Amino acid sequence: MKLRIIASALAISVALAGAAGLSTGPAQAATLSGGFDVGPGGFQGNFNPLAATAGFTWLSVYFEPLVAYDEKLQKVVGVLADSYEVSADQLTYTFKLADAKWHDGKPLTSKDAKFTMGLAMDARSGSVLAARLKAIASVEAPDEHTLVVKLSAPSASTLDTMTKVMMLPEHALAAIPVDQLAKNSWWSTAPIGTGPFKFTKYVTDQYVELAANIDYRGGKPALERVINRYFANPAAAIAALRAGEIQFTYVDSNDVSTFKGDEAFKVIEGDSYVVNYLGFNHESPIWKDVRVRQAVMYAINRDAIIQSLYAGAAKPANCAYVVDQLIPQGIDTYGYDPEKAKKLLEEAGWADINGDKPITLLTYYTTPLATNVLAAVQAMLAQVGINVVPRAVDTPTYNSIVLNPKPDVAQFQMVYAGLQNGPDAGSINVGLNEKQIPPAGPNVVRARMPELNSALDAALAEPDASKRDARYQDVCKVMNANLPWATMWVANRYGVVSSKLKDFIWTPAPGGGPYAAHPEKWSIGE
Amino acid sequence: MNAPFEPILDIRGLRTIFRTRGGEITAVNGLDLTVAAGETVALVGESGSGKSVTSLSVMRLLTRNVGAIAAGSIRFRSKDGSVRDLVALDEQQMRKIRGDDIGMIFQEPMSSLNPVFTIGDQISEPIRIHRNASRKPAMDAAIALLEQVGIPDARRRAGQYPHELSGGMRQRATIAMALACDPVLLIADEPTTALDVTIQAQILDLLLTLQRERGMGVLFVTHNLGVVAEIAHRVAVMYAGRIVEEGPVAEVFRNPRHPYTLGLLASMPRLGEATRLKHAGQKLAAIPGVMPSLANMPDGCAFSPRCRFAINACRVAVPGLAAVDPAHQSRCIRWQEVGQ
Amino acid sequence: MLQYSLRRLLIGAGMLIALSMLIFLLLRLTPGDPIDAYIDPNIPMSPAQLSDLRSQLGLDQPLPVQYVAWLREALTGNLGFSIKRQDQPVLSLVLSRIAPTVLLMGSALVMAIMAGIITGVVSAVRRNSVADLSFSVFALAGISSPPFLSALIGLYIFAVSLNWAPSGGMLTPGAEFSIGDLLHHLVLPAALLSIAQAALIMRYTRASMLEVLNQDYVRTARAKGVKEFWVIAKHALRNALLPVVTLIGSTIGLAIGGAIFIESVFNWPGMGLLLVNAVETRDYPVIMGSTLIIGACVIVVNLLTDITYAVIDPRIKVG
Amino acid sequence: MTAAPFISVRDLAKHYVSRGTRLNILEGISFDIAKGEVVGLVGESGSGKTTIGRSVLRLVEPSSGSVQFDGTELTKLSSSQMRRTRPRMQYIFQDPFASLSPRMTIGEILTEGLNIQSIGTRKERVDRARAALEQVDLPADAINRYAHEFSGGQRQRIGIARALTLAPEFIVADEPVSALDVSIQAQVINLLRDLQQRLGLTMLFISHDLAVVEYICDRVIVLYLGRIMEIAPSADLYARPQHPYTRALLSAIPSPDPDAPRNRQILKGDIPSPANPPSGCVFRTRCPNALEACGGAVPQLREVGPGHFKACIRDDLN
Amino acid sequence: MLARTPRPSPGPTARAFHRFGHNRAALFGVGVIVPMLLLILSYPLWWTFKPNDIDLLAMNSGPTATHWFGTDGVGRDVFARVLEGGRISLLVAVASTVISAIIGFLVGAISALAGRWTDAVTMRFVDLVMTLPPVIFLLVLASIAGTGIWPTVLVISLLSWPLLSRMIRSRLLELRERDFVMASRGMGAGLGHLLFRHGLPNSIDILVVYATLQIANAILLEAGLSFLGLGIAPPAASWGNMLNAARSTAVLEQFPWQWLFPGGALVLAVLAINFIGDGLRDAFDPRAELN
């Protein structure tokens, strides 16, 4: 018996040694492998677009929404809808559907669209969009190619939400009870979409494989297959990218330098649409005086941090926004001025307010970059006499602390966080409006600033798109003056692709999009 | 060697040393001993006297890098009649002698049997090694041996493991193992010390019978004078690494000529005698003091510090062996007085 | 033997129930709400959305109710659904991870046993030799280096720099399944995982062998004229391996620990990776399910170890 | 034995359950010891002699039976009452290496009992330790040394000294000389006898060596497989053993006297396992004189001479 | 023997340390760990940089005469951080070892000496804790206890005691049957006396060896926890969280000094402590007493 064990052990080790000698063969030319769900825009293992809070970059390779952002994330364009119209009163949205086919050959009709809208509006289906679609009064399908959505009140974010509603086939899903839908294995075994690629298989926690949909209405895709590989962290994905196993992945900004100047790779840079800020907990007495908050702004050398830690790949933010059209003239730029910070603190009587007692700075960011940023912030604030102690926790812990209706102020006198500030500029409302203080919403800093509330309300209620930017400039001005947060910057995000990839469109959209990425055009050369 | 009395084992000037952290220790010093075919020689002494080291030296089984034979010769006559000096043999030649020409029994029957092999396996092993026997005949031979050493139901016992046997039976099994290849010399190192008296009696009886039947020479190492009297023809008494008295058992016990032998015999409580002593209000004749440590030997006679006969001359040089009669020797300069 | 095994299995089942309660209790002590794991602070959700989610995930029930419900379902083989990935039943999720982990740990164990026992025996037999010294120092270094460090360095050297092995995963995506491809992915992580175990086995074998070599029965074997090689390989090794068997059983915990790091560095789709992700995301059903399955595996391995021990050591009588 | 005995043991029994099998270590043990008397307890390994010695001092709890010490029923005492009684009775152990803590100096070992019982000041305790050392013929400077520095015989003296520090009236000596070399053994036997006589100690002396027992004991109890086979005054026992087992035991002892008659009677077979003792007389499976009736009832101790008892149904063997 | 050694020879513990003094590997361990400890404890007195001083102008610079071990991603001095990290790693290791040793000893002692029922319950509980593979238990515990020094200490302590309590229990069960303990009971010793006059001194070898090896083990556990982001939270330095930086490919490849030095310090310290532990184990081995 012992001999047999030894013999088989030897056999295995010989096989292992032999296998080690093999080298990795190049992936087939017509196959693109990538880490599509790596990084903050990804949602590995989720196949259900209704439940998706992120991961749209990948989902929109085989599913399609009616509308999506363009690749610059500036305007909403039609995808499955050839065109759409919004009525003047902002209450009626009319979508004209394209002549599309499901992957199983059945035609897409407005009934499918209506069915999908029904699921998206029904929380029992597991839809995370239901609450955001509450304003919808009715959905109608007057003919095979028309979908009419009526709202009970104007809602500026409706189109933004509509970009996330991936169309689903009624003929495949209607038979499943709504409350069983989320748990159905259809999503990860046989999903049917209308996109340029068809789902072929999912190897648990390894990868998802799609094959070209040769009947795609936009023409036969250039690639034969697209593979989305799962990685536990960006470092693993980078290793695979450098080993030539994949052709694309998101990378953390501090890893970009390894690819700079390397002919084999192209670095894609894009706006993260997330503003990073030091949020003052307004329920803590130490931040009451605006001069203290100003001192924080002056004490931090944001330019230096951006230049060194971000290697220049971020824009300093003096309110929630950094896009030119949302920035009013003449706002304070809070240049680095530690002396002024000290003076302001002295005037405010900081020694009596807090002195050098430690102040917990809570964050959910655990990346190496954020760790370094916080170390820098800590050191800079210490120079002016503000003793912050960073505490990085995992997201669930962070949420449980800050979203608690009766928060423990000692646990988070300050947060280092980020908030989506685009493409819909209104998305910052939830973080700052007094109406959104937990449990009502995620205004975790408990900002109670009437001026800010009214500015935000006005901007959200502005029916005229052309005037909206001006409203948001007002919001910016108020933020800049009152400092509900010490806004830091909006950083860029990066993807790295193999130089062999052609016509590849990727942008670091919040949640992964969706945006018009046109996967059917992607191709790979030798 | 054409003496009428031809020994199968002839040890001359054996010196065995141990290397310890504190330096070298001489455990056996200048030992001469012979065993003839059909003769049982008892090597008797207290713990630390060097008697077990002597038997391990003959087998060349001293712990490597620790114990070593520093001087002397061990001439041994094998079954085939060839006479060789065991000290000069290489390991491979020595291995052919072990278990074939010389069998050995150890003190602890439990620990000297391998717990994970059956009794039969272990007894048949020397047969398979030295006789090139295959499994089946070797096992049959082992079962026959078990029967010879008085184990009932031998076939079943051969399939059992050591822990399934009683202490007495285990010692019978080790005897069977030592005798498997019909050795000309059997070395028995305290084979009955770990046993109860009634079992000891059985084993001694068995050894006597086997020795008579097979005509082997036996080197019997023990500390028990009673056992010596039962089993041996000749006795050699060891003290602190040297033989201090040697001769036929009856002669030495009846007429001890070394103060140590004398004291040893006197300090043994004997049946019947004790009651007489007690009634007489007398004490046992104890030897005062303790045996010196091998690392720290006194000058001259090692026994002199405990000896009531000791004189200054005893502390100068180690006395040589004096012949009390041609067969009886004593390492004492006052052996004549000791006898009185 | 059968009765003994059954009794041990029954005790094991009891342990599992106790384990599930312990984990449940531990999780209950965790601050916060599993729903918190669901919110991306960069893209917040409204309270209405949250309460929809909560009731949909069954998290609005009181905890004891949740436990009893969980236990009742668990006894019928239903460990619930992952919170994060609702279409994936925990049982199938966990079961699909067992094979990769067993494969990884099994190959590592085989390598570790071979390397550990051979070097251990050589070290003991040639005590204080150059070989002994170098094996011993290597072994000590092996148990002194954190597994993640060797994993990272190994990954960097063999996968990224030398390109000898793939950087991670178990199979080449998109390729047809082949044993060669699997082994190609397996060899590096398994070798790295085996280091610590091999080191432990080596040290234990060495100590055990040294002890056994001093035993009387080894001397007896020599006295019988057994060749030195067989004295070592048969009489001594067989006895020396008895305690090593127990050690191998008890290193399973260590191996699972190491596997967590190796799996997370090499992206190996096993239990370790699943569990780390589940802990990071507070995916309670997955934590419960995978811990239980791992606990069950440990109990079974311990049982197997004991039975093996009883089989190979005739002194132990069971039943 | 007209006066009330100092020690009185009645129907002492001890069972263990090990791996589901019940081991009857002792069964129906009854004997008395008078004040100042030395009683020997002999038997082979597994006969239960150590268990008796420890049960009498309640170092192991007997399964049933009674032990009276100077009129006090020991088995009924609470643990604190028992602790207070302990100085009056002490134990001497067989193994001179295991019985002394390797981590204590001799002084600490000798004052341990006094510390436990809170007897005397620190200085008085040390003085008593020195006195005890003197009693066993060891130098007073031994007090600062550790046990490992002493030879077996010296260690055994220390063990005896420890038992004496609490000035006991009763001592159980459990094979105190069997681990020693012959020449040392005689020294320790002499010492024990001296002390016993000088201090008027009552003693239960346990040994497997009949010759040693004969030398030191007034009366001897012979055990076999947890049962008493024979009790007799020593002189009587050695001169006229009554039980077949005692006879076999005596005849099995090898004598160093080359002129002694060699008509040894060798018992067949092994001692049975206490898990599965023979019915009736436990010795019958090895007894050369066994009858079929021996398998019936367990033979009771009967007085066959003055103070001489045996548990054998046969009277026709003399 | 007695007559020839007039001065009393040292006690068993002293002799064990004497033997330890002749073990070259163990002395090497001491030779590594003592200077390391001195550096770690004294560095604020003589080293220019503080572990948390950032210098954005000098980030990611390699080892120089100013920064012996280079600087990290925010220009902090790696040398200062390695030493500060050593402080924290060793503090965590020593504190958790002390706590787990106390828990382990008491649980083991109670289990061995307090009767069969208590023993059975305690040992089943120990079995249960040991059934959980350590790292998994650690993950779950750490997610409850949170990050930081004391939660990490707590987590490591809670994880480590069962092994010790088993060893102590079996030692005391064996000890309980030893003659000198029997003698002590025969003189009327109570539980406290047995535990502290016999149990503790005779477990000292187990405790010393456990403590040493557990310190090494705890350093590794802390590093593993911090590596997974569950141990010591940045910006506080620990060897484990400094190694976390090596997860970034850029650091692994371009700035090797940022992980090589803490990694080296960690492995060296653990190796040295393991050498010492091995040496102590051999020195306290009862068989060594026979030579």
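Chains: A, B, C, D and E, in written order; residue numbering restarts at 1 for each.
Assume contacts are C-beta pairs under 8 Å (C-beta built on N, C-alpha and C of every residue); 3 or more make two chains touch, one makes a residue touch a chain.
If you're wondering where the values come from, they're calculated on a predicted model, not measured in any experiment.
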Quick one: which chain's Cα centre is the longest way from chain D's?
A
Most C-beta contact pairs, which chains?
A-C
With centres defined as the mean C-alpha position, give me the chain C-chain E separation in Å.
23
Centre-of-Cα separation between chain D and chain C, whole angstrom
54
Taking each chain's centre as the mean of its CA atoms, how far is chain D from chain E in angstrom?
48
Could you tell me the distance, in whole angstrom, between the mean C-alpha positions of chain A and chain D?
86
Two or more other chains in contact with one residue: find those residues in chain C.
31, 156, 160, 264, 276, 282
Residues of chain B that touch two or more other chains: which are they?
290
Multi-chain contacts only, two chains or more: what residues does chain E have there?
1, 143, 247, 249, 252-253
Taking the touch rule as given, give the residues of chain D at its contact with chain B in the complex, in rising order.
44-45, 151, 153-154, 181-187, 189-190, 193, 208-212, 214-215, 234-235, 238-239, 248-260, 262, 264, 266-267, 270-271, 286
Could you pull out which chain C residues touch chain A in their complex?
31-34, 36-49, 52-53, 56, 81, 84-89, 93, 96-97, 107, 110-111, 113-114, 155-156, 159-160, 163-174, 179-180, 183-184, 186-188, 190, 264-267, 269, 273-274, 276-277, 280-282
Along chain E, where are the residues that touch chain D in the complex?
1-2, 5, 8-9, 11-13, 178-180, 182-190, 193, 197-198, 201-202, 204, 289
Which positions of chain B touch chain C when the two form their complex?
59, 61, 91, 95-100, 103-104, 106, 108, 111-118, 125-126, 129-130, 161, 163, 174, 177-178
Taking the touch rule as given, give the residues of chain B at its contact with chain D in the complex, in rising order.
46-47, 166-169, 196-202, 204-205, 223-230, 249-250, 253-254, 263-265, 267-272, 274-275, 277-278, 283-288, 290-291
